[in-house]
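In what follows, structures are represented as structure tokens.
Two complexes come next, and they have one chain in common, subunit A, joined by subunit B in the first and subunit C in the second.
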Partner chain A sequence: MNEALAQRISDDLLRPVVTTTWKFWLLVAVLGSIVAMGLGTWFYQMYMGFGLTGINMPVYWAFYITNFVFWIGISHAGTLISAILRLVNAGWRRPVTRCAEVITVFALMIGALFPIIHLGRPWLFFWLVPYPSERLIWPNFRSPLVWDFFAINTYLTGSLLFLLLPMIPDFALVRDKTTGWRKKLYSVLALRWQGTTKQWHRLESAMQIMAIAIIPVAVSVHSIVSFDFSMAVVPLWHSTIFAPYFVTGAIFSGIAALILAMATLRKVLHLEEYLHPVHFQNLGKLLLMMSLLWTYFVFAERLTAWYGNEPSEVEALIVTQSGSFAPLYWTMVVCNFVVPFVILSLRKLRTITGCVIASSTVLVGMWLERFLIVVPSLSHKYLPYTWGHYRPRPVEIIITISTFAAMMLLYTLFAKLVPIISIWELKVGEHPVAAGKAAELREHPLWKANP
Partner chain B sequence: MPHRWGMAVDLDRCTGCGACVTACHAENNIPTVGDSQAARGRAMHWIRVERYWEGEYPDVTLKFRPVMCQQCDAAPCEPVCPTYASHHTDEGLNAQIYNRCIGTRYCANACPYNVRFFDFFHPQWPKPLDAQLNPDVSVREVGVMEKCTFCVQRIHAAAIDAKAANRELKDGEIQPACVQSCSAKALVFGDLNDPESEVSKLSRSDRGHKLLDDLGTLPKVTYLNRPQA
Partner chain C sequence: MKAVYALYSDPDDVQRAVDGLRKAGIADDDITVISSEPIEEYEFSHRHRATWIHWIAGGGGAIGLALGTWLTSFTERAWPIPTGNMPIVAWWPNLIIMFEMTMLGAILATVITLLITARIPARTPKMYDPEVTDGKILVGVENPNEGSVSAIERALMSPGVARLKTIQL
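Up next, the complex of A and B:
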């Protein structure tokens, strides 16, 4: 690779890190105030009592647990996809991996907050930690919630490492290219990276080990989240299909989140020459495959419940398919199957815009899917006398919205502090820009359709 | 031999009067949540009288079924609690340690009978009910789960009395509030490990069945069917 090209890559990708416009501060202010509002609402809820939510007997879990499962699902975008792509050494992965891995870390941080937000006494959440207390009380290791605690912490630690490792050489690059406080900050972050052969060798080995280790962890995390439901004798929860069904849904919604994040970065940070239509094409195909797989799981789950004809299960099934939850259910089917299937299976529509539309509906649909797993079953448990209903209250809606703002805020701040595309990986890879084929690429019909 | 507390509910005797519900509220310091909260499903009745209508108007039969915690031997609420707040005692009771509860509400979801209740707000009683709290029962704070205890405070009090007098507990000596207040004597409480106790005899009755028996929760409450007309 020639010097000029390497220089250009560095300049292009470092620009967001070293220059800041008023638009950035405006965005941070807007998102920050939404997040502050969410935090305030949470404290208000703690102060006034959990009764501010719409939770009732028998629907003891609703919006917060929906958000928990949804965000943990989103976290499967990054690490899992990027680890698989790294392992198979897919060349096109290079500009994608980091923005995917960041989603994982932030989505996990947000998702892990919800089991705390939803507690009746959130200030005591640390009782899930197995610390030696003077009363010799340990957490109950039979409880799926304790399994969750360990699974999420393992995944968060693993994906943080997985994110941080490939950032070291880029931190060193920023250190070398900047002055002032940035130089000091990135000197610390770069961990004395000098780029020696030994260091490169160790980095590659560490990344390889993490890529292999993180895949089973990711799969197990959402399996364990699904155990929160499938371990309880609740109609339609008590199903052996839940673990793979949840993992599939998680990867599905994760890819959708990744496509949206990439499209936004491409527009806002002007990364058109780095995030190409082909990336969206490939991820779009993956999204289509996951959509079909997800549809199959829903079909299999519903079919066995209906065929088994167990009265309480059939009741929960009917209320979802054709009862009061039917509008949400069929919206979910349209969002998760019809729209992505039509858009992504036709090559003409599988453009960047098409992928963005499909991804947006998938996110809506997957949120509804989680809601429809949690609520209808609880509202229609065994004894008809205790059947109930659920409507969200303002606190739940505000806190839910604010976590989406929190995700965007964290992502914005991250993209400001760290090159969102891995510079060194791009330079060593056979990337069209790196190989000097940018002009050729612009002649591609897809590029012309989505410049 | 340790006791194994159980109950028999004779559905043929239950008149659906609701005295058990009121007695339970008074005995166990259960907050009254008010009509607007009750309409939103926050009413806390550790025991409730379920009403089921059968047939088409005007040939309607009304059936009552008092439902309280079934004190399952294989209780779905117990393993799911991350902090051991919901646990099994030596005498077979499903106990709830309020101070240990962090309010995940998982136990309530796992319970097929929906007999576990959550304190959505700090408990309050309209005057003059605030002056009649039972000193033997702790008042629960906001954010914890609570449920029927088989009036464990009465069980303990009777056991202490018996021990002080150096004698065995007599059958019928312990009466939970609901049993005591049932004018039709539809509820019978006692030791299932004593084959001669009234509750043991009733539990072995041909009319007996368990609620949602097929779930395998092994309840210690036995319901006695109405004889077929």
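Up next, the complex of A and C:
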């Protein structure tokens, strides 16, 4: 490719890594303070006991499990979308993939933290770790919580490797372009990468295999998160469509998170030349499709429950749609269907700003959706004498807010240390297709011998 | 380690240099081409296409499946817990663990194969030039026979060559 163009791409995308402004430190300080506050609150909760939360009979799962499902859903933004776009060789994926893959890794880490927070006594976390023991606590493979352990760890391992492998050539680039401590750091991270034709070929083959493997894993993860609910005989939970319904919701919220992250990076890091409006329009179309699919699942689920007329299910249905949870329910419908549908179905409104507005409402709506799956069913389970109420307490709210700050902080630090757009992949996208080159290649004697 | 290499700007010149080295009697495996991005449009980048990585990934998956099957059924038999009127070895839920272990096996096998076959990280310093980062493409031969150095240099001195270097690491 044109050397001047290669140079410009490298310089543009390395700028955020090598230059640091006071705004960066201010942002890190603000987000770090919120995260520290969340950690302090968590320690306070550990010290004082779980009674500080609003969790009580019969609502034993509330904010923390809502956050767990929400963040695992957000994690579907990255690796799944990136893997699909890699497999279909979509050219517009190149600036998008790394932004997306990072969301997966951090969202999974944050999501996986919530069951531990929810334990109340997190130092007993090792009871969840699969090792045979005479206490007979663990080896129950029929428990969906054990399925979670395997699924989340497989997805986290796969996503981390899927993110890290294509970063090695970019680390080598940073190594060559920097001096001082950065050169030392990136020399280690680059693992003596040279960029031989063999290395490139092996890397691309490995990425193809990983992309094929990671898609079913991603689908399985949110299916298994849905099994945490649907394996229980609780009104509106025990449903056969929960797995695809959860997967759809996860991809839906994941795309929304990706759009927001990309728009922020574009603005803050001045990546206008690399993250074009067409990227947002394409993702906006995907978001619209997922919005319609999500609406279809909600309709199918609600219709079946209503038509079945099973008293406990109908009660949970009524309390959600016209009872005390109705304001949240209809906000969710507006956020997840009305706003995205209006904005994203009209080409004039499907701008970057439009996509950002739709994505913001979708994130709010999807958090509410998770909350409305968890709480109303538990608070109105079967006989009325077991019914109860749930109100979140400050500890739960602060910890929830701090995890959003943690996500932003981790993303900010990552963008500071690693080029947030894969430089080598972007350069490949700029290769001019030489006229007749493919035909010429096919005529080469070695190509004929080893096609 | 000694190396003779040249830097080019145009992949067409790289292809000519690689062909020239072949004519000079240098084996394909001894010719190194280094670039800052994959250049799939040229024959020289397809010299190392043959790989077992797909089969090894499948093998890793099979090992993961076997491990998952053993882990679930062994533990259930060793520590039997009656749960919800389900059999002690319950295959429906076990399938979930077996699936996850299969995919984990395939992923890990892929990554390990990549690291080994692409020699990442290299144990010793290899031929490299930081100008590659700026878009240059390096063609060279590591540890050439003393008798073949001049032939290599002649082959590399095609019209498009930006720089010819001989280095001792």
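Throughout what follows, the second predicted complex is superposed on the first by the 420 of 451 C-alpha atoms of A that agree within 3 Å, B and C clash if a C-alpha of one lies under 4 Å from a C-alpha of the other, contacts with A are read in each partner's own complex, and residues count from 1 in each chain.
One rule holds in what follows: a contact is a pair of C-beta atoms (placed from the backbone, for glycine too) under 8 Å apart; a residue touches a chain by one contact, two chains touch by 3 or more.
On a predicted model such as this, the values are computed, not experimentally measured, just so you know.
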item	value
Contacts of A:Trp193 with subunit B and subunit C, given as first, second, both or neither	second
First (subunit B), second (subunit C), both or neither touched by A:Leu271	neither
First, second, both or neither for A:Arg142, with subunit B first and subunit C second	both
Subunit B versus subunit C as contact partner of A:Glu3, first or second or both or neither	second
More subunit A residues in contact - subunit B or subunit C	C
Touched partner set for A:Pro169, first subunit B, second subunit C, both or neither	second
First, second, both or neither for A:Ile352, with subunit B first and subunit C second	neither
Touching partner for A:Gly51 - first (subunit B), second (subunit C), both, neither	first
Contact residues of subunit A, present in both the subunit B and the subunit C interface	139-140, 142-143, 146
Of all residues in subunit B, those that touch subunit A in their complex	37, 40-43, 48, 50-52, 65, 67, 76, 79-84, 100-106, 108-110, 112-114, 117-122, 141-145, 211-212, 215, 217
For the subunit A and subunit B complex, residues of the former touching the latter	48-51, 54-61, 115, 118-122, 124-125, 127-128, 137, 139-140, 142-146, 149, 228, 231-234, 378, 381-386, 388-389
For the subunit C and subunit A complex, residues of the former touching the latter	9, 32-39, 41-51, 53-54, 57, 61, 71-72, 75-76, 78-79, 81, 83-84, 86, 90, 93-94, 96-97, 99-101, 103-104, 106-108, 110-111, 113-114, 117-122, 125-128, 130, 132-136
Residue ranges of subunit A in contact with subunit C within the complex	1-3, 6-7, 10, 130, 132, 136, 139-143, 146-147, 150-151, 153-154, 157-158, 161, 165, 168-169, 172-173, 176-177, 191-206, 209-210, 213-214, 216-217, 220, 224, 424-425, 427-428, 431, 433-434, 437-438, 441, 444, 446-447, 450
